[in-house]
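Below are two complexes that have chain A in common, paired first with chain B and then with chain C.
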Partner chain A sequence: MFFPASVLTSTLIITLFLLTYPLVLSLFSAPLKSSWATTHVKPAVKGAFFVSLLPLILFINFGMEQVVSTWTWSHTLTFDMSVSFKFDHYSLIFTPVALYVTWSILEFATWYMQDDPHMNRFFKYLLIFLIAMIVLVTADNLFQLFIGWEGVGIMSFLLIGWWSGRADANTNPRRHPSHNRVGDIGLIFALAWMATNMNSWELQQIFVALKGFNVTPPVLGLIIAAAGKSAQFGLHPWLPSAMEGPTPVSALLHSSTMVVAGIFLLIRMSPMIEKSPAALTLCLCLGALTSMFTACCALTHNDLKKVIAFSTASQLGLMMVTIGLNQPHLAFLHICMHAFFKAMLFLCSGSIIHSLGGEQDIRKMGALHRQTPWTSSCFIVGTLALTGMPFLSGFFSKDAIIEAMTTSYLNTWALVLTLFATAFTAIYSVRLIYFVLMPNPRSMTITPIGEANPQVLNPLKRLVWGSIFAGLWFTLGINPLKIPVMSMPPTIKLTALLVTIAGLLIALWFISPSGARIQTTLFPTPHHFTSMLGYYPTLVHRMTPKLSLMWGQTAADQTIDQNWLEEIGPKATATLSKPLITITSEMQQGRMKTHLLFFFLGLTLMCSMIIY
Partner chain B sequence: MAGVGFRRWAQALSRGKGSGLSALLPGCRAASGGSKADLPSSYPLTPEAKAAAAKKYNMRVEDYKPYPNQGEGYGDYPKLPDKSQQERDPWYQWDHPDLRRNWGEPMHWNFDMFTRNRVDTSPSSMSWSSMCKTMFGFIGFMMFMFYVGEQFPSYQPVAPKQYPYNNLYLENGGDPEKAPEEVVNYKI
Partner chain C sequence: MGAHLVRRYVTETDTEPDPTKKYEFDPQFGFEEREAREMVATQDQMNLAMLPLEQRDYCAQHLLKLMKCKRDTFPNLLACKHERHDWDYCEHQDYVMRMKEYERERRLQLRKKRIASQPEAA
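Here is the complex of A and B:
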């Protein structure tokens, strides 16, 4: 059966149109009805998902990919900028995944945000975010990617600070743009380097013209950008702080889509990154450190959403490690698998928190498996997928990554850290299941526990299908872009599984009666270290603003006001003039000594002139 | 306050300076509250000046302490402790709950730095030096271990690929008439 190439373009343009149509309509129509979100936005995203399946099927069956270049923004003699879309392996797979997850989250949000007076605006923000994300993943030039990059950043800031009446919800969103801005500096540097050296921002042209260039500086800029957006170590505190926002925001932005934008950028630029061994090593080490550090933090936190946030950061570290192994397709596979089970975990957490009357502390939960069986089951499936339980979705990507690590030539410490992170993932997953779902109830007696609402259950059911089968579908239907190592010793092959089982056994021992006797207060220093995120936010978030604000105040007050405008300006005139005035007026006092002095000085001068 | 302001405005108007708007404006300015005496002045040199400054800033004399007189321009403004608003009691019924401040309280010189959205000076469970040592020690340890990991990398042992039939002699275009050189891949 023959499909013309225009089918691919048309379906994807229709997808974008379906998403933008409700937004455009809301600008021109009368005040929106209260059910606008349910009647316009959710069906639009659902429709866009089904439409986006056609290009995916065409890609899987016929290998059809396309680059579409349309309207020209700027056309100079040497530099062109146009609106261009790249519908390739990555964008054709990610778009339906993102739309599927968004559809589920929007349906959940119609229940979660039903009491919010500005629900329509909330859905509008989510829709704008989704459009920006699709612009980012389908961009064929870096300028367009940057537009999507900034778009997702702005919407994330607006959505995290949704409940602006609370001081914490006002303060914590500011961490997100401040950390992202540091990353954006790296991206802008890379853009500037490519514009000046390669004269183009089109990806095809950049990759073709790489020969002969030292690409390490722009690649470092890209890595900084990815570190900011994807919460790598050093720019990671914004991710747990972002949990102040509503749970649908955490599920969509801070687990499935926005946080992976940094990794996606590195995947897109992988032909450039692989030319710089130093950059690959940096990605490997940074990712391993992030993965292990955030997994340690997840072990000691008690806020359900924060633990899941740290888990997200740990998986992002793993994706960065995969980039460092020069396996971008594996990183992309993990992005897709991670989107399913992590979004589901966040929706489960939202349902649990709502059922317990807003309680987020896992120490005050328990025995929910009887009262919310569906949510509990989905929660368990999600955490098992996260640990890499064989043949769930997480297994196909995570196991492949660990195999690639153990069969590669790489930094030993990075390998050790990643294996530790894998074990810790199993430990905190078991810890979550134990505290949240078993054994005895520790919550308030009268709570609105219930999951009979289909708007809660249907999204969870949809995502659990993805968490169970997506891995199998993806690996059966889509060929890997690089050939994996086929032969290895059985120990290497089973490393991921053995490490996960070890973590599970350690966690089970801790929750057993014999292990429960070990108190955390016996080891206060490591516990403090991880529960305070390595003291990094405390030190950096207090020192940096204090120094900059103090210097700013000193500069404005003393340097500018007192020095430039007083000491060097008007006062300097008086200060410099005063000695001259004093000397001159001293000489005009009419003293005989002064007259005699000048007489003899003049006489000496005349004599010397006559003699010489 | 409103009554005092109105009285000043009426007095300014009754002085009859100018007409119309030019009479109204000084009156409005007089009604805006606060006089020149409420503004910060020079460094208090005598105990009486200190007491007057303390009263001006709505503080007790024993609590009032000006900035050192080093020509930095602080005048008689009180030197308040460098504590952020985040440290204040969240459950107290403040006049301004978001600022955690009561009306009439003296404001810190750097009050904009110590709002709840900015620098937080709340006490931490560990001292600043301990936190610095631990964090930088951790980062230093990681850097060192990454360096060691680069010196001793992890890899699977590899060897040159071995082919059968005397290293595929015929397939590589070897002369079938000649006896091929025997290739021994391994010995047992």
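Here is the complex of A and C:
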């Protein structure tokens, strides 16, 4: 059966059209009905998902890929910018995954946000975000990628601060642009370097013209950009703060799509990054540090959504480690697998939090496995997939990454940190299951517990199918882009599993009932260190503004006000004038001796003029 | 895990070969009957299949058979087990060959060092 190449382009253009049509229609039509989100947006995304399956099937069956250049944006003598789309391995697989996850989240959001008076605007924001994300992943030039990059950043900021009536929801979104902007500077630097040295922003042209260039500076800019967007260590505090937003926002943006944009950028630019061993080492070490640090923070936190956010940051660190191992296809596989089970975990947490009347503290939950069996089952499947339980979706990507890491001859420190992070993942996952779902109820007695709503259950069921089978489908259906690592001793092969089991046993030991009395101490304990997030926000977020304000006060008050405006300005006039005034006023006191002095001085002057 | 690291950085720093650099000893040294490996898959075949550069190795013919099998048996994802095994086994044999070459180079370096130290001992 022969399919012309235009089928690929047409189906993907139809996908984009289906997503933009509700937005454009809302601009020109009468005021929207309250059911507009349910009748227009959700079916549009659902239809776009099914349409996007055709190019995926064509890719899997025939290996069909395409680059489409349409309209020329800007055309100078030597520099062209055009609207071009790259439909390759990465974009053809990610688009249906993102649309599938978004479809489930939108259906959940129709229930979650039903009492919100601006639900239509919320759905519009989500749709704009989705379009920006697809523009980002299908971009064939860095300028178009940058447009998508900024688009997802802006929508993330608007959506985190959705409940603007709450003080925390107003203050916490400010962390997001402040950290992301630092990353954006890196991306802009990389863009500038490529424009000046390679005279192009087209990916094909950049990769072909790499020979002879020292690519370390622009690659460092790209890594900084990814560190900002994907919450790597140093620019990570915005991700737990972003949990102030509604749960559908956390599920879509801050677990599946937006946060992986940084990693996706590095995957796209991997032909350039692999030319710089220093950059690869930086990715490896930064990713390992992020993975370990955020896993430590997740061990001791009690807010359900924040624990899942730290877990997301830890998995993003693992993806960065994979980039450092020069295995971008494995990082991409983990992005796709992670999207399924992490979105499902967030939706489960949203359902649980709503069922308990807004309670987010896991210490005040419990025994939900009897009251919400479907949600509990999906939650357990999601956490097991997260830990890399064999033959769930997370296993296929995570195990492959750890095998590649243990058989490499790279930084042993990064390897050890990542193994610790893997163990910690198992520990906090078991901790979550235990506190949230078992054993005895610790919540308020009268709460709206229930999951009989199909708008809650259908998305969870859809995502649980993906969390269980997606790994198998992807591994069987799609050939790897690099030779997989398969020759290793049995100990190395079983490292991931052994480390996870060790973490599981440690977690079971910790949560076992203990008769020992917990003693409080005067000195900070490791628990305090992790529950305060390593004191990082306190040190960085308070110290830097405090130093700036102190310097500003010194500059403005002491230097400008007290020195320039006082000592040198008016006061200088007074200081200089005072002695003269004193002398002059002393002379005009009406004293006889002063008059006689001036008389004899005048007489002496007259005599000397007459004589000479 | 780690034995090669100890040898490389602690015990045999001067004789441990660097796998990223060309080996010092000729492949035919002591192996006169050895023949050069030949690619089975041709350049044209690999170009038509649009294989990435990293996958154009001495096992590419098995990969091409696997890709053809997957295309012919789609949507049955569970098919082509034998072709996949053939490719994996070929890659494993290639890995074993690389490790043997590395070990050969390491032993030849040790032999060279041993020979150089014998006149000094005498």
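The definition used in the following text is that the second predicted complex is superposed on the first by the 535 of 612 C-alpha atoms of A that agree within 3 Å, B and C clash if a C-alpha of one lies under 4 Å from a C-alpha of the other, contacts with A are read in each partner's own complex, and residues count from 1 in each chain.
The criterion applied here is as follows: a residue touches a chain if its C-beta (ideal position, glycine included) is under 8 Å from a C-beta of that chain, and two chains touch if they have at least 3 such contacts.
None of these values were measured; they are calculated from a predicted model.
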State whether chain B and chain C clash or fit side by side on chain A once the two structures are superposed. clash
Applying the touch criterion given at the start, work out whether A:F62 contacts chain B, chain C, both or neither, answering first, second, both or neither. second
With the two complexes superposed on chain A, say which partner A:G477 touches: chain B (first), chain C (second), both, or neither. second
Which partner, chain B or chain C, is in contact with more residues of chain A? B
Check whether A:D561 is in contact with chain B, with chain C, with both or with neither, and answer first, second, both or neither. first
After superposition on the shared chain, which partner residues are touched by A:S10: those of chain B (first), chain C (second), both, or neither? neither
Looking at the overlay, what does A:Y409 touch: chain B (first), chain C (second), both, or neither? both
Thinking of the overlay built on chain A, is A:F529 touched by chain B (first), by chain C (second), by both, or by neither? first
In the superposed arrangement, does A:I492 touch chain B (first), chain C (second), both or neither? both
Using the touch definition from the top, say if A:L539 reaches chain B (first), chain C (second), both or neither. first
Counting only touches as set out at the top, which of chain B and chain C does A:Q205 meet: first, second, both, neither? neither
Please pick the stretch of chain C from 7-15, 61-69, 79-87 or 97-105 that overlaps chain B when the two structures are superposed. 97-105
Overlap of the chain B and chain C footprints on chain A, residue-wise? 406, 409, 412, 492
Contact footprint of chain A on chain C as seen in their complex: 1-2, 4-5, 19, 49-50, 52, 54-55, 57, 63, 66-67, 70-71, 74-75, 77-78, 88, 91-92, 95-96
Residues on chain A engaged by chain B in the complex (per definition of touch): 167, 170-171, 174, 281, 285, 289, 406-416, 488, 492, 525, 528-529, 532, 534-536, 538-539, 541-542, 545-546, 549-550, 553, 557-558, 561-562
Applying the document's contact rule, which stretches of chain B touch chain A when the two form their complex? 72-73, 98, 110, 112-113, 116-121, 124-126, 128, 131-132, 134-135, 138, 142, 145-146, 148-150, 152-156
Which of the residues in chain A come into contact with chain C in the complex? 57, 60-63, 406, 409, 412, 473, 476-477, 479, 481-484, 486-487, 489, 491-492
